[in-house]
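In what follows, a structure is listed as C-alpha cells, so that the remarks can point back to it.
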Amino acid sequence: MAELNKKSAKILVFSTEKISDPAIDMAGLLKLHYPPTVYTISIPCSSGIKPSWILYAYEKGFDGVFIAADGSDCVFGESCTEKTGHLVGKTHNLMKENGIEPARLRMAAICSVCSESFVKQMRTFNEYLLKTLHA
Amino acid sequence: MKKKKIGVYICHCGGNISDYVDVEKVRQSVEGEDIVFIAKTTMFACSDTNQRDMVDDIKANNLDGVIVASCSPKLHQLTFRNVSIRADLNKYTYVHANIREQASWAHSDNKMGATEKAIHLVKAAIAKARYADALETNKIKAKKAVAVIGAGVAGMKAAISLAEKNTEVILIEKEPFVGGRVAQWDSLSTTTETGKNMVKRLYSELTKHDNITILTNSEVIENKGSVGNISLKVKRTPRFIKASACHPDDLKRAIEVCPVEVPDEFNFRLSNRKAIYKNYPSEYPQIPVIDVKNCTRCGECEKVCKAVDFTEKEEILDVEVGSVLMATGFDSYTPEYGEFGYATSDNVITLPQFKRMIDTQFDKLTYNGKQIKNIAYIYCVGSRQTDGENTYCSRNCCTSTIHAAVTAKQKFADINNYHFNRGLRTYGKQEILYADSLRSGDIYLQSYEDGLPTVITEGKKTIVKINDILTNGREIEVEADLVVLVTGMVPRADNTIGSLFKIPKGRDKFYNEVHMKLRPVETVIDGITIAGACQGPKNIAESVNSALSAATKSYSILSKGELETDPLVATIDPEKCTWCGACEAACPFDAILKVEKDGKTIAEINNTVCKGCGMCAPVCDPDAVNLIACSSKEIMSMIDALV
Amino acid sequence: MENPIKNISYDALVIGAGIAGGEAALNLANTGFKVLLVDKELSVGGKMIMLSKVFPTLDCSACITTPKVSEISRHPNITIFTGSEVGEIKKISDHEFTAKVTKHPRYVRVEDCTACQLCEKACPQNVRDQYQFGLIGRKAAFIPFSICSPKAAAIDIDNCTLCGACEKVCPTNCIDFTQEVEVMDLHVKTVVIATGFDMFDAKKMPRYGYGQYKNVITALQMERELAPTRPFNTILRPGDGKVPDKIAYVLCVGSRDASVGNPICSQICCMYSIKQAQLLMGALPMADVTIYYINIRSFGKGFEEFYQQAKGMGVNFVKGKIGRISEKEGGNLLLRYEDINEGKLQEAEHDMVILSTGVLPNKGIDKFFVNETLALDPFSFVGQSDMLASPAKTSIEGVFVAGTATGPMDIPDSILSAGAASSEAISYLIQQA
Amino acid sequence: MAKINPAFGKELNKYGAVNFNACYNCGNCTAVCSLSTEDDSFPREMVRLSALGLEDDIKASLKPWECYYCGECSTHCPQEANPGELMMSLRRYLTGKYDWTGLSGLLYKSLPVSLAAFILTFVGVLAFVMSVGFELEKMVHFGHMFEMIAIGTVGLVILLPNVARMWYFTILKPKVNVSFTKYVKSMGELFIHMFTQKRALGCDDNQFRWFEHFILVIGYLSLLFTTVALDWFSSQNMFVIILGYVMSAIVFVVTVDFVSSRMKKQKEVSKHSQPSDIFFVVWLFLMGLTAFLVRLFIDINILEANKWLYVFHLTVLVQWALIIVPFGKWTHFLYRSFAMYFAKLKE
C-alpha cells in the first residue's frame, strides 16, 4: 500500500447516484484509466454533502476530496449548483481554519456522460496532490 | 445491540472482475471482519444458482444482511435486493459494492491497484452494512395516466397502445398537426401504404378511444413531482379557427387571400406557405391553423371565413399523470454552408427535400425549372464524421435513399441514379432493396474513409468527383443535374423539453436509456420512458417497436395504481434540532414542516414528499439532519474503511 | 417453476424462451397474466445465454441473461416447460386457442436434482456437446451447461445405454427412467411466437472447408471459446490445440448470398465479428486479427464507434469476400480473396479461420396452425401483417411475433420487438376481458 | 478522370450480358477464378468497368480473352450477376469492336440479321449451282476454288485488319511501350496458345473440356488443311482420303457433345448461350458431317445421284466461311491467341 501511495494520491470522490455515478461507471466500461487510489462514495445529491465529512476524510488521511457535482443536471432541482457551491465555500473556510490547503478540495460538474472529463480531473488532481503533498 | 451477521459474495463476473482483481485475496481480506459471517466468491453472482445459494445461506445462518461485490448497482442492485426479500430479509439490509466498473475495468492496467481498491470498496460496503437497517417502503398512489409527448408515429402508437390498456393518455404535440415525420412522406419503404395514409389510420384509431386527449399546438412548460404523481403545465396555443363554424370552402378561400408567405418547413423550405395553412389536405386534425408568429392580423381571412376567431386565448392546462413517455423524434442534419456545395451550389439539396420533391411532382422531375435526369446522392452527410461531432451512423439513410432513388426512377422517365456512398448499410431484409436498385442500373461509387467525394460547380454545371474504391481508386466524375445530400438524423436542436425533464443524453447526444438491453426504454429518471428516434436513429418499424415497449413499461409502472418509493428520506434528531428554518429553506420539495413536539419547536420530515436529496443536511448548524443510509455515521465509517 | 399439470388454461402461450420470448413472458406476467413458456431446449435463455459478451458495450452476456432467466423461472405467473415442443395450435373461438404441448421426458425429476454432477461423472457414454457447439464432449447423463435453468441433469436417451450407473450414484434418487412423453392439451387466449433463428450451416459452402479443415470454425463456436464459462479456458485452435496468432474472420458466410439461397443481410454478423475480434485482441495481445468483409454494417446505437474502436485497437479490416480456403500442411489455411481497395487477387495465410455464419429462419412454426394460416415472408420468416404500424402482428388475430422469428436482429432490437409483441398481447387480452 | 456511361449496360445486354449490374463488388468471382492472379485479376474488374460503361478501358483490356469460362464465378456469385457470362458478352462485344466492317456487332446483336445473312448466302449458293446447271464436277471444282479464295480474302481483308485494330486498342492506344525484339521473342506464345489453348488447363472444371476442345481444334485445322491444301474431295491418295475421314469424323463427333450441352443448358457455361454460340457449334458439326458424307458418297459412288448433299455441304461451307469465320464466333480462335501474345508483350 505504501508503495502504491507513492505513485498516486488518495482521493475521495463524492459522486451522485443518478448523474455522476453513470459517468464514473462508464469510465470503467470504456477502460479509461485513472489512479486506483480514487475511491467513490455515492450519495443522492452533491448538495447533501456535509463539510464535516470532508474534514473527516483529511483527518483520516485522504490527500484530496473531489466533489463530482450534479451541476445543472441535478434531478432534485436547479438550486443544487448554488447549494453545492455554498457548502464548498463553507468547507474551504473550515479547511483554512484547520490549516488544510483549500486546493485539496476540488469540485467539478460531472454529467452522466462526462467520463473523459472525470478521468482527466482525476489525473490532474492526482498530479497536483503528488506534487504538493508527496514531493 | 446484537452483533450483525452478514454474508459477502464476491463475483468473478466470468473474468470481467477476476481477470484484474484477485477475488480470492479480496475474500480473504474481508472474511476476518467482525460482522462477516460468510465470505464467498462466485463465478456469476447474478446467476440463478448463486441467487439460490444466497437464499439458502441467509436462511441457514440467520444472516442479517448481505453484500454483493460485483458490477454497477445500476445493473443488479435490484436483483440482489430481491434475493434478500426471498430470504425474508428486508431489502434495505442489502449493500452493493461496485468492483467492476470502478475497480477491475477502471484499473485493468494495474491489477494490484485494482485488487487493493476492491478490498477497500468491499470494506466500505461492510461498514455501511453495519448500519443498514430494515426499512419499510413508502407506498404512494399512482395516477393511472400517461403523458405522451410527441405525436409522430411512435407517440401515436404508444398512445393507442396505452389507451387499449385502459390507461388515460394525454398526447401532447408541439406542432399544430399530428404525424411527425411520417406525415411528410408519401412512399414508404417495405409497404405500399403512403406515410400520409399511415398517419390517417393511426389518427382515426386515436380518436376511437375516449381515454385519449390530443393536445396539438401544445408544449409542456412545467414539470413537477415524480413518478406516480407528475404535474405538468401545458401551454396550448390557439388555432384561431373555430372547429364548429368551419366550412371547408371558406377556409380554402381564407388561405388563398392570406397575403403572408413564409418558407414552408413541412416542405423543407422548398416552397412557401401562408400564415393560415394546412400542410396537406388530409392532415389531422382537419382544421387549419393560423401561425401567430407570422400572422400580421391584416384580417383578410376573417373577411372570407367565419371560423377565423382571433379572440381565442392561449391556455395553460394542468395535467396530472403518473408517467411520461417521450417520443419527441429527431431533426434532420442541416449541412454547413458549403458542405458538399450546400447553399453554395444551385443544384444541391438534402434528402428530405428530395423526398418531398418526388412526392409532390408528377411526370417530370424538375428543380429550379430544370428537368432532372442525373442524380448524385452523397451519403453520410452529418453521419460517421471523422472531424465533426456526429461520429455515429444514422442507420436509416442508406435504405431511405435507395428507396427514394428507386421511387424516382419508377415515377419519372430517364433518371440515372449515382450513389456516392461509404459502404452500404442496407441491413437485414433491406438488402433486397439494394439488390433491386443495382439490377435496375443504379450506379454505386464508394469513397475511401479519408477521401470523401467533392462537389464542384462549373458555371451552371455541378460535378461530383470521387476516387472510387470499387474501380481501383480511379477518379470518376459525374455531371449531376441534382446533388442530394443524404443527411442523417440528429438530436432535436431544441432540447427545451429534454432539459425540463432532465433526461440524460448519450455520447451521440440523443436521449439515453438506462441499459440498452436490460432497460432499453427507461431513463434514469423514474417514470420517464423514451420511444422512437429521440433515443437514436430508427426506422418506422423500429420506432413503433420501441414505442410499444415504452408503453408497456409506463403501463406496468402504473397498472397497480400504487407505487413503492424508497424510504431513504431525511430524518431529524429532535434532541439537536432548534428550529432555525434553514432546512425548510433548503428543501426544494416543501417536505419540511415546523412542528411543536414536547414543548419544543422542531422540524419534521413529511416522508411522502421527501425525495431524499439531502440538501437539508449540510445547512443544519446543530447537525440534526441526516439522510437514511447516508448519515454521518455511515459516511464516516465508510471513510474509515476506505483509508 | 416446472409444472407437470395437464389440461389447464393460460392467458398467453409464449413459444420459445430465448431473450425475446423471456422478455415477452415477463412483461405479460408482470401485468398480471398467466403465461406458459415453452422451449424445446433443456434450458431457458435461448442463444443469448450461450454468448460471451455483447456488442457494443461488452457487457457479459450471461450477466444480462441470467438475472432475466432467474426472474422468469421464479415468476409466480409464469409456467415453464423446457424440453417441450408445441404441436397443433387450433383457434377454437374468437379468443381461444388450443395448443398441444409435448413434454419430452428428461428422465430426471428436476425438483429433486441438486446438480451435484455425480451422474455426469458416473456415466460412461461420451458424446459431442451440442451446447458447446461440438467443441468438446459431454456425457449421456449431463447438465446442459453451467448456467442453465432449470439447473438439473438430463439423460440423453438417444445415447444412453441404460447401464444404470447414474441411478446408482444419484444421492437424491432423482433419476427416473420410467418417465414418459407427456402430451398436454392446453387452452390459451393468445400466442406469442418467439422461435428465434437458425444459423446457416457452413458445410453448405464446401469451398470454405468447414467440417473438413479442423482449424475452420464458426463464430458461434468461437463465442463459446470466448465465453466466461468457456470449455478450454483459453483460445485454442481445434486442429492441434495451438494458441492461434493469425486469425481471420470471413463475413457473409451464408448471408447476402443468393447462390446459397439467402440473399438478405444477417444484420448481426459484422458486429459480433468485430466484438469477437476485440475480445481476441484482449485475450491474445500478440495475435493478428483480420476481418474480411463486403460492407461493415455498424448501423446501431454505438456500433460505428465500436467499429472505429476495433480499428484503433489494430484489428485489420480487408474489403473483399473470401472466395476459397485451402488447407496447408500443418493445418494453416490459405485464404483467396480480391482486395477490393487494390483491385488485386490476394492470398493470405492464417492459422485459424472463423466463419461468421448468417441467420436463417427457424422453419416449421407455420405448420402448427391447423385451421388458420400463419403467413410467412419471402424468406420463410414469420410474416408481419402490418409491418410498419404494428410490427408484432401476424396474419392470425391473437397471434403475435417477437424477436428474430420475423427476421435477423440484434439483442436490443429483439428486446424491443418482444416489448412490442407483449404490448399487443396485453392490449389484446385486456380488450377481450 | 473517367466519365460514367450508364447506357453502356443496355448495349452490352444486346451482346448477351445478363444481370451483371447486380454486382455489389465483393470480389468473390475474382477470388474463385483459378486463372486470376495478383497481377491479372478478373472478372470483377471487367464487371465494374462494364457497369460504369468505361468503354475505352474495356477496349484496351485483354482480360476478357484470358477467361476460358469454367463458370465457377457465376456459380458462386452471391448476387447472381453472372460474371462469367459478362466476360463472354465482352468477348462478343470486343469482336464487334475489333471488326472494322461493323458486321460482327450487327450479327451478334440481331438474330434476324443473322438469319437473313444465312438465307442470303443460301440464295447465293443456289444461284451459283443453277448457273453451273447442277453439274457436280463444276460445283466441286468451284467449291474448292471458293474455299481457297475465301480463306485468303477473309484473312487479308477482314481478319488481319481486325487483329491490327485489336493491337491498336490494346497496345498502341494505351501507349504500352514494347521493343521490336520483344515482339519477335514473344511470338511463340501466339502459336502455343493458338494450337493448344494451354491456359484453359488452369481452369477449375475438368480437363476433359480442354481435351475435347484441343482435339476439335486439331481436327478442324487438319480438316481445313486436308480439304483446302490436299483437295480431299478430288484426291486419290489413300493417306489423304483416310486422313480426311478421320478428321471430319473427329469434328462432327466431338461437336455432338458441344451441341448437346448448349441445348441442355445445364452447365453454367451454356446456361446463357447466344444464337452465335449455337450457330458456331452446329455449323462446325454440319461441316464435319457433310464433308464426311460427301467423300463417302464419292467413294461409294452415289454422290452423282445425291447432288443435293453437295449443295448442302457447299451452303454450310459458304455460310461458315463468309459469316461465321470473319464475323462470328470463329474469331475467338484468333483473338484469344493474339490476346495471349499481347499480354506477354504487356508484361
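Per-chain residue numbering starts at 1, and chain names A, B, C and D are given in the order in which the chains are listed.
We adopt the following convention: a contact is a pair of C-beta atoms (placed from the backbone, for glycine too) under 8 Å apart; a residue touches a chain by one contact, two chains touch by 3 or more.
What you see is a predicted model; the values in this text were computed from it and never measured.
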Indicate, using Cα centroids, the chain positioned nearest the centre of all protein chains shown. C
Which of B-C and C-D has more C-beta contact pairs: B-C
Using each chain's Cα centroid, which is most distant from the centroid of chain B? D
Between chain C and chain D, what distance separates the C-alpha centroids? Give it in angstrom. 54
Per the C-alpha means, the centres of chain A and chain B lie apart by a whole-Å value of 29
So the centre of each chain is just the mean of its C-alpha atoms; given that, what is the distance between chain B and chain D in Å? 67
Pull out every residue in chain B that's touching 2 or more other chains. 424, 435, 470-472, 506-507
Can you tell me which residues of chain D touch two or more of the remaining chains? 24-25, 45, 79
What residues in chain A touch two or more of the other chains? 29
In the complex with chain A, residue positions of chain B that touch it: 72-74, 98, 100-110, 112-114, 116-117, 120-121, 124, 502, 504-507, 512, 524-525, 568, 586, 588-589, 611-619, 623, 627, 630, 632, 635-636, 638-640, 642-643
Going by the contact rule at the top, pick out the chain B residues touching chain C in the complex. 12-16, 43-44, 46-49, 51, 71, 75-76, 79, 86, 153, 157, 161, 164-166, 188, 190-191, 193, 198, 201-202, 384, 391-393, 395, 423-432, 435, 448, 469-473, 506-508, 510, 516-518, 520-521, 535-537, 540-542, 544-553, 555-556, 559
For a test of understanding, state which residues of chain D touch chain B in their complex under the given definition. 1-4, 6, 9, 19, 21-25, 45, 48-49, 51-52, 54, 79
Which residues of chain C touch chain D once you look at their complex with the stated criterion? 207, 252, 256-260, 263, 294, 319-324, 336-340, 343-346
Taking the complex as given, what residues does chain A use to touch chain B? 1, 4, 8, 10, 12, 18-19, 21-22, 24-29, 31-37, 39-45, 47-53, 56-57, 60-62, 73-77, 79-80, 83, 87, 90, 111-113
